[in-house]
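Structure first, then comments.
For clarity, chains are labelled A, B and C in written order, and residue numbers in each chain start from 1.
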């Protein structure tokens, strides 16, 4: 019944799922919050809010241009956790928040998230239809729209954490030209260099998931991250064993992995 | 039953069927999985229409209320309806649609993409400096790769394209493989949370 | 005025001046194309050799998952590869999973197949666009006729002679994917290469190319065409100068200008650092 050529894949899926589920359950049952190394970009979020408050200028936020039905869904959702935090902080400190969206489904989610954030700060009326803006479904039309917002509204801070594509460079640089500090983050490897050279703070790869979960103090997310870390340890051990055995001329381990289930 | 329970049940059921289709040699799962994929194509097409309707509503409201910059919204609506109506009623092969796409939409899109080079130019002058070890490595790699992307690189030295190929094949690939592994693990975790009903963000729930 | 002052002044010049110089570096070579000697690298050569080795009765899928803004980067490669296939008499099926990809396919057809007098439905077919991303890719490869019931022109697929021989992904000899984002090569490796064993060549932008090297190294992609340079090399191979070669002059000068700006920036930084240390 089981497709034998996919046995390795199925085993990996089941083992990793079990590990992740175990860690989630541990967190849900009240295990201590995991230690996370300091991430400069996370501390900078509060700095960004403070800066916007002092200057009386808005904060711009975007979760990138990905959707929630593709590979980048996790990144978009991680970005939206930052929106939740920013909305609460913006409500608390009476700062204008402008959240721009490219994907229509993400836009509807962001509206709800921002409303809840303002409600948690005790100022539900601070949310206006101008808070979350759907710009365009076309990637470059979205970028052009955001460039216009930077030019006209001159945000004090630009938080762009999520799934970023080719418009990364122009948006981050335009934010810098508008006088905003930029906090960028993505797990899309080939956009990270653009964020590194144009943003003041960068969250690289997994840091966006960790940061989003930490800001939200979401135990399920934190448990999931711990489980993922253990899975990565297992992968690293397998890689190391494979590397060492092949280097010393023993190919049995590699053959075993390659032919398992075939 | 909450408003998020039924969508959660649909998501969990669909996901389990698709996983079963991938790993089990059972005709029922293959048939149902194929049907779900066909439905997803139809839903995606409706989502496009929804996006267009959302866009039209958003901009119409701003024009009606004469919000600041409402003329930009009006221009967007005119462009959207012109291209949309032409394509729907005359077809994408009609000369009018072809003209609008090839001579208006396409050059405008290319122009916006091309803006990137100007931002890269100012960033190159301002931000890309060898201020620490990591930045220096980034700078050297960027220079090598840029030279390998133009014929001048081959003319300067045959080592440049070889070194560029080495950068792509060894350190780049090591990093890419790491990212592939971690993003795959992240996808497993995300899927598990969705299956178990622990991931609520896509239903609009956010925060702690 | 000291050297540091001069360099610092250049570094802090108005952004509009920098952008104007960049504009000139692009526009002048475009208006006055320079011949650019190119060395053909491994990937375009690999794709060329593979197509040369294909039997004439093969069918190749060209999937354009592009958007209008990336036309200068990728369209030259699409046209060059399509021209090569048409010259060899190999039949081609176009499809797309992005709305704008269909226009790229149509432009390639008008640039190549129409002037060559190729017959639609026999030598090539354009199936059009289907929404649904990777799910739609998987479903179309399982059954082309069920997913693309009509072609781009509205003709039932059953009436097209070429499509009588193309039912599933297994009927393809090669897939050439042109992509500007999303699942890109990885998705097609999962849905085409692994289940059906069909060779895949990928034509992507410069920023996306590095992420495809793991697949190239594992043999899951047979050739990785890198942005405009890949297209320029392929046009050189088939002796058909086109869009990519015409852009290489502008690309060369703009890259050289960026390198100059990088040099100025770093010289200024080092000069300032040395001044601070003194």
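We adopt the following convention: a contact is a pair of C-beta atoms (placed from the backbone, for glycine too) under 8 Å apart; a residue touches a chain by one contact, two chains touch by 3 or more.
Since we're looking at a predicted model, the values are computed, not measured.
Novice: By C-alpha centroids, what is the most central chain here?
Specialist: B
Novice: Relative to subunit A, which chain's C-alpha centre is the most remote?
Specialist: When every chain centre is compared against subunit A, the largest gap points to C.
Novice: Give, as an integer number of Å, the spacing between the C-alpha centres of subunit C and subunit B.
Specialist: Chain centroid spacing, subunit B to subunit C, equals 17 Å.
Novice: Quick one: subunit A and subunit C, Cα centre-to-centre, how many Å?
Specialist: Here subunit A and subunit C have centroids separated by 29 Å.
Novice: Could you check subunit C for residues that touch two or more other chains and list them?
Specialist: 15, 67, 69, 133, 186, 210-211
Novice: Return the residues of subunit B touching two or more other chains; collapse runs of consecutive numbers into ranges.
Specialist: 44, 47-48, 109, 112-113, 120, 122, 126-128, 142, 176, 179
Novice: For subunit A, which residues are shared contacts with two or more other chains?
Specialist: 69, 71, 138, 140, 166, 177, 189
Novice: Where on subunit C does subunit A make contact in their complex?
Specialist: Touching subunit A from subunit C are residues 15, 67, 69, 133-134, 180-183, 186, 205, 207-208, 210-211.
Novice: Considering only the defined contacts, which subunit B positions touch subunit C in the complex?
Specialist: Counting only subunit B, the residues touching subunit C are 34, 37-38, 40-41, 43-45, 47-48, 92-93, 101-102, 105-106, 109-110, 112-113, 117-118, 120-122, 124-131, 139, 142-143, 146-147, 149-152, 154-155, 161, 165, 168-169, 172-173, 176-177, 179-180.
Novice: Which residues of subunit C touch subunit B in their complex?
Specialist: Contacts found on subunit C: 11, 13, 15, 18-19, 21-23, 26, 36-39, 41-42, 67-72, 99, 102-103, 106-107, 130-133, 135-136, 138-139, 142, 146-147, 152-153, 186, 206, 209-211, 213-214, 217, 226-227, 229, 248, 251-252, 254-259, 261-262, 264-266, 269-270.
Novice: If you look only at subunit A, which of its residues touch subunit B in the complex?
Specialist: Touching subunit B: residues 1-3, 6, 9-10, 13, 16-17, 20-21, 24, 68-69, 71, 73-74, 77, 80-81, 83-85, 88, 104-105, 107-109, 111-113, 116-117, 120, 129-130, 133-134, 136-138, 140-141, 143-144, 147-148, 152, 166-167, 169-170, 173-174, 176-177, 187, 189, 193, 196-198, 205-206, 209, 216-218, 220, 224-225, 227-228, 231-232, 235 of subunit A.
Novice: Applying the document's contact rule, which stretches of subunit A touch subunit C when the two form their complex?
Specialist: Interface residues on subunit A, with respect to subunit C: 69-71, 138-140, 165-166, 177, 189-191.
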